[in-house]
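Pasting in a structure now, in structure tokens, and then I'll have a few things to ask.
Order as written gives the chain letters A, B, C and D; numbering starts at 1 within each chain.
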Amino acid sequence: MGLMELAATKALASAAVLLFITVLMMASAKRISTCIVLFGAQSAVLTSQILALAFVHKSAEMYIVAAMVFVIKVLAIPLALFRIVERLNAPREVASSTTSSQSVFTAAGLILLSFYAVRPYVQTLGVEEDMLAAAVALILTGAFLMVSRKKALMQVIGLLVLENGIFLAALTTTFGMPLVIEIGIFFDLLMGVFLMGLFVFRIRDTFDHLDVSKLRKLRG
Amino acid sequence: MTPALNILQAALLVLMAPLLRGVIARLKARIQNRQGASIFRPYSDLWKLFRKQDLVPDTASALFRIAPVILFATTVVAAAFVPVLHGGALAGTTGDFILLVYLLALGRFFVLLGAMDGGSAFGGMGASREALVSTLAEAPLLLGLAAVAILSRSSSVQGIVQWTLNQDFFQLSAVHALAFTALTLVAIAETGRIPVDNPTTHLELTMIHEAMVLEYSGPSLAWIEWASAVKLNVILALLIALFVPWGMAAEFTPAALATALAVYVLKALLLAGAIAIVESSVAKLRMYMVPDFLGVASALAILAVVFTALMR
Amino acid sequence: MLVLACRSARAAASVALSTGTLELAAIANVAWKVHTAGALQTGRYLRADALTSFFLANIGLISVIVLAYSVGYLRHIPEGRFSSPRWFYALFFLFLFTMVAVYLSANLGMLWIFVEATTLASALLVGFYNTEGAVEAGWKYLIVCTVGIAFALFGTIALYLAAVKGGVNPESALDWTVLMAAAPKLGVVPDLVKLAFVFVVVGYGTKIGFVPMHSWLPDAHAEAPSPISAMLSAVLLNCALYAVLRFDAIVSRAIGSGFSHTLLLVFGGMSITVAAFLMVVQRDLKRLFAYSSIEHMGIVALGIGMGGMLGTYGALLHTFNHSIAKALLFFGAGNVRENFGTLSMEKIRGMAKSMPWTTGALVVGGLSIVGLPPFGLFVSEFMILTQAFIGSHYFVAVLLLAVLSVVFGAMLQHFQGMFGGDAEVRPAKLKLATSDFAAMSVCAVCLVVLGIHIPQAFTAMLHAAVVVLR
Amino acid sequence: MIHTAFISFLASLLFIPAMFLLFGRSKTARIATCGLLLIFMALGAVLAGAGFWGGAGVGVDLSGVAPLPFVLAVDRLSAFFLLLICSVSVPVVLFSTSYVERHYEGMRRQVLWALLPLFIGSMVVVVTASTAFAFLFGWELMTLFSAGLILIDGDEGERRHSVFIYLLMMHAGAAAVVAAFFLFLGSAPGLDFATMRTAAATMPAGLRTAIFLLSFVGFGTKAGIIPLHLWLPRAHPIAPSPVSALMSGVMLKTAIYGVVRFTFDFLGAGPSWWGYLFLAAGALSGVLGVLYAINEHDLKRLLAYHSVENIGIIYLGLGASLVFLTHGAAGWAALALVAGLLHTINHAIFKSALFLGAGAISDATHTIDIEELGGLLKRMPVTGTAFLVACCSIVGLPLFNGFISEWLTFRSFLAGSTLGNVQAAIVLPLMAGVLALIGGLAAACFAKVYGVAFLGRPRSSEAEHAHEVPLPMTAAMVLLTMACVAIGIAPGFVLRPLGAAVQGLVGGGILPDAAFSMARVIPWVAIAVIGFVALVVALRRAARSTVTWACGLPGLNSRMQYTSTAFSKPLRRVFARVYRAERTIEVSPAGASYFPAAISYRSVRTTSFERSLYRPAVDAIVSASYSLRRLQTGNIQVYLLYIFVALVALLVFVRFA
């Protein structure tokens, strides 16, 4: 048991750091597939996180949540994204509008910003500062990815990261929402990814490219 | 008694009008070292015209012949507003000076139309010029009259005159001086005398009133000529009554009336003389100088009105 | 109703119509129950109170009309993947179902789930034509709205957290009734509540189309098939608005109405101003209508933001009027597209001659959308303005009046251009289907009725709905 | 009894259009419905007369039906304007019965017939409304229906632009009116006129001023006072002539009604600058209106500009009344207000007569450009005579109604000298000069119109072969001209009830006896003039017809006549500053100064208000729109950025506020 305790506490302690690392790497990544892997890793960290919490709080619901996160975010979605990348057989780099070094520094800046942002709330909420900061950091970087990356798929991934962040925030602050709600959210997420995949194909078919920054027919 | 007298003095204004014309013409002739025609010449002219047959242009409508009559009628009615021999007139207290002005305007409006009914360029030209002059004369005329009306707190000519009779000449204010000058200038324009218009010209391009009535002949022309004579007379009478009424009969004894008549004739003669001198010594203005001429009148009239407020 | 939707997916228009009428009947039933028995609670997650029934009435009416119109509209659409009448109806009913579910959910979490679901369900409908524009619009719609909704989720969580901190039992800390009851307790963590509302208003505001989160709206409305544009503008926006209304009610109870209402006023003001100016320079008919939707959502936001009985009442009435008028306008736009093959207003000329009935519809819709009598929007805008002056929000009032004039100018200019003159593009002279005609005339009649004499039952429903919000 | 009559009158204005739309195909049905409309209009006139002369109030409360309080009530003021509306629309409808039949067919005719009663009905609602909702309801509808009636004649090119300007300015004006109404809500519980009246008494001065200014601008836009007149000369001429008659004759008057309601009934006496504002607006509109009119030769445009002028004269009366109120001279205030209101109804009568005349002319000659006309009096004697009377009335010559109201205005200006306040004692009498100038210019203008259009020789073959219009049209014009003469010769019967009507509006001021002095003398003048003329005409010998004197040369033709442009040249030259015409002379072939093939001369005039007031505003709005348009880049990443920025901004706001 002691071992488990240790693992759990270790997991809780180290999770934030790991998440920051994934974020930074994602910012610097050049290939879409790398990003997908990183997203999977990120989700895995989350899973461990939930497991640890579940163990600490002894709540059965959270085990289920953990399982769902693992199945959907670590396995299903990354695999699906890989399939899409395969089938698209389009150029695979992320086509960022910023150089990777810029992106990394921006991401770092966003992490610091998130620490600064959550500071006032930590006392009132009584949660670990670094976890909340990590959540906000995920949200911000997710947003940053969506704004800076031109590839349709990268926007999907950015969105997923953002969603991870929100999920993490929910987790750290409220130890998860009622199970039904969680399930519903996951369902929506799955459907969303499915639909976006669909649209990615449509974009490919209609425009012969995946560069969303070129979708500018509708304006004014 | 009074109504009869009022009718008499109105009739006087109407019937003596041609005579005044004759007198002015005679005086001018004398000043210009000419023999000049008899002062009764206008009467014989009218008589001649009335005996003739009307000639009406084929284009013209019924209005062509009615217009002169309306002009004459309105002028005659206007004559009923002005006290001559005593401080009262046929129209009495309701003889509103605004109505007086607008009656003259009514007549003029129809003559303008009559002129344009002729269908020639001259009629239109004359009408257009007359329209210009009368338009610009309207405001100073009304303001000048308004100034004295305000002083006397009465809007009827008779009321103004009676108020003035109760003042003595040396009490009269700057308002009177200003209003008088303004009205004199307007009167020149209204009656179409030099320097605004030349009643005796026969050069179409320079004439205003004459061009307007160029198409008229016979009785219609007679009505117009007579009406303009009456108009001149009425306006002179108005100036006299408003600004130098003294000498009017206070009571209705023959003696008083006779003196009043004599005094009036004297004043009229003086004014006629003044007109004659001006007309034989001043050249006619170019038409586009006339607005400036009337602008002076307007300025004076406005000053007169302003002073009525400032000097109480 | 989900079942119904599935079945009708394999059925023809007739089934769809019958389903629609059934659905309307069901809604009427619910509304009646609510009207008689007050709030209606089934299970933990489904609930219907007066506000619900009001919006349900709205959605029911519009959806049936839209169905009637689509029958005529779908006569000729390009065949393609996912784009056939059956798919249309299937997705339509899915969409409809999600929206009804939004209104029926008793739980803010459920609410969020279903609002997100509406996006997913309608995304394919927006991209229905599979043209470049349609795909582009669909993508933007999907991404932008999902991001926005994600923020709304964060806001919901924050509120949940606040409730938990306020000592509400975590199991029921998302239930709307519980929250309303326990709202004062939430006051202990005001910062958190404010934070929550900010995220919620930005999130759902994206879906309502508040400036500056409105960017997806014109594209989606312009590229979707006209019936769907009608649904989006007339029903979907109200859905998101409904969510904001619920949150606003809770937050107002928790920390006083000052904060949330100020936010709404700010967004409303920005929306009407920007939308009005953009309407002046539109070239595409449906984009014009889309911006006018933004403007009207802004007006509603102002009405709620100013609060007060009359303001809220007027705002709710305005949502109803607006949806009818906007449906009518989009129907007209649909006919225009069918006949002229284009929606660019420079190309469309001489409508008054070539298609009188549609012109009539557009005139009625246009007059009502700019808020002139004898149409419903005049009444509701009158109420909102009245509230503005009663509450002495003079700035808002002046802004609103000015904006209304600009909008009027824009609409007038565009419509005049289309009605008069001689067409370069020869209209196809398609005969107006009776179903289309019926749909449009129903809208017109409703508008006039609401402008001249609002039925007693309806007023009662509205009053009940307003009471729910305070 | 009277209530049922009133309600049936209102109802008729709704069901008659329906009848036109349903059965309008058959001629007999149309005629029957027109007859019905005439009857109900007459009924309305009778009701209004009962209210105006008898002071019998009548009303109907529809609040139960309408979504917001909707009450119609006829007090003396409303009755006066109701009388105006009905009594003018009777002849107009009569005129239309034959005009519309001759010029329109099919659906357009039916719609025209349906819109006409609706238009009249909306105006009735406006003048009888006693709640804000009812008033604004009618106010907006009035604009819409009139626009619809204009659009009956099509929507091409210039017309479209005119209608656009018309509707846009009306909407902006309505916005001001709405604001003026709602500002009462600060201190009034409701928006029915009674409560507003009581609330206004206890209102802070700033609020009163705001309401005054808003109502002044809002109603001024409708009334077409300069510089808010831009729409008027555009919208009135392009409507079908009977509609122009209604718009110019009646619709503008609803604005006068509104401004009287607000300024006199609700607000009452205010600071003296209120009155001076009215006087300034009146003077400006009067002088500039008539000057612009002189420059026109499109008859209906010219008449439209004269509407501006006459609205100016009405405003002069109202302004004088306000000044008197400020200085507590209630009696004179009553006189001045009566002057304004009397001119309102006078203008309604003669202006509609003139527009109907224009309609008759266009019916007979298919043009309203007076440069194409001439000699019409011989060819259309009845129309010509009626038009002449109307001209005399609008010029304000004695024996005609225009003179009475202008004289009353003069009278009130003179009375200004009795005020203790020096400023007022100077300004008011000077306004008499302005009014005189306006009168003189109007006389010149209508001498031109009548002389060129009806006298002399015809300038086109259409005018050459013109014929008198059918009976209903002539009858309509004759009816109106009879009214002109009746009021002009025996004004007493209108003055007394008017005095009673305004008594409540000017703090119980009794109409002074001076108001009636003209009523005593004018009949005698009439007898004298008319009698003399009749006598002479009866006794005189026949005339001989000859050719016009052409300096002895043969072949005088119509092109040698003075044209309208030539006639107005001297005045245009004297007032050149006002017009600022942009002249262009093109000689072709270019540079051939001696023997050019052709010389074309063009003189464009855009009023300086248009140039310096309206253009910049519109340009500003459009450029703003284009710059906002750039925000919608079409790049989804930018869109997302907007969302994030908005969020961050709000978070910062929450954090630091």
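Here, a residue touches a chain if its C-beta (ideal position, glycine included) is under 8 Å from a C-beta of that chain, and two chains touch if they have at least 3 such contacts.
Values in this document were obtained by computation on a predicted structure and should not be read as measured data.
Nearest to the overall CA centre, using the mean of each chain's CA atoms, is chain D.
This structure's chain pair with the greatest number of C-beta contacts is B-D. Here the spacing of chain A and chain C, counted between their Cα centres, is 32 Å. As a whole-number value, the distance joining the C-alpha centres of chain B and chain C reads 79 Å. Centre-to-centre, using mean CA coordinates, chain A is 70 Å away from chain D. Centres computed as Cα averages put chain B at a distance of 36 Å from chain D. Chain contacts: chain A has residues 120, 143, 146, 155, 212, 215, 217-218, 220 touching two or more partner chains. Not a single residue in chain B touches at least two other chains.
For chain D, the set of residues touching two or more other chains reads 629, 632, 636, 640, 651. Counting only pairs that meet the touch rule, the chains in contact are A-C, A-D, B-D, C-D. Of all residues in chain D, those touching chain B in their complex are 375, 377-378, 384, 388, 392, 395-399, 403, 407, 410-411, 414, 417-418, 422, 425-426, 429-430, 432-434, 436-437, 439-441, 443-444, 447-448, 450-452, 454-457, 514, 517-518, 520-522, 525, 528-529, 532-533, 536-537, 540-550, 556, 558, 560-563, 566-571, 573-574. Every residue of chain A that touches chain D in the complex is listed here, in rising order: 97, 117, 120, 143, 146-148, 150, 155, 212-213, 215-220. The residues of chain B lying in touch with chain D in their complex are 53-63, 65-66, 69-70, 72-74, 76-77, 80, 91, 93-96, 98-99, 102-103, 105-106, 108-109, 112-113, 115-125, 127-129, 131-132, 134-143, 146, 149-150, 153, 155-156, 214-215, 218-219, 287-288, 291, 298, 301-302, 305-306, 308-310.
Listing the residues of chain C that touch chain A in their complex gives 45, 107, 109-110, 112-113, 116-117, 120, 123-124, 127, 130-133, 135-140, 142-143, 146-147, 150, 153-154, 157, 160-161, 164-165, 170-171, 174, 189, 191-192, 195, 218-219, 222-223, 278, 281-283, 287. Across the interface of their complex, chain C is touched by residues 120-121, 124-125, 139, 143, 146, 152, 155, 159, 162-163, 166, 169-170, 173-174, 177-178, 180-181, 184-185, 187-188, 191-192, 195-196, 198-199, 202-203, 206-207, 212, 215, 217-218, 220 of chain A.
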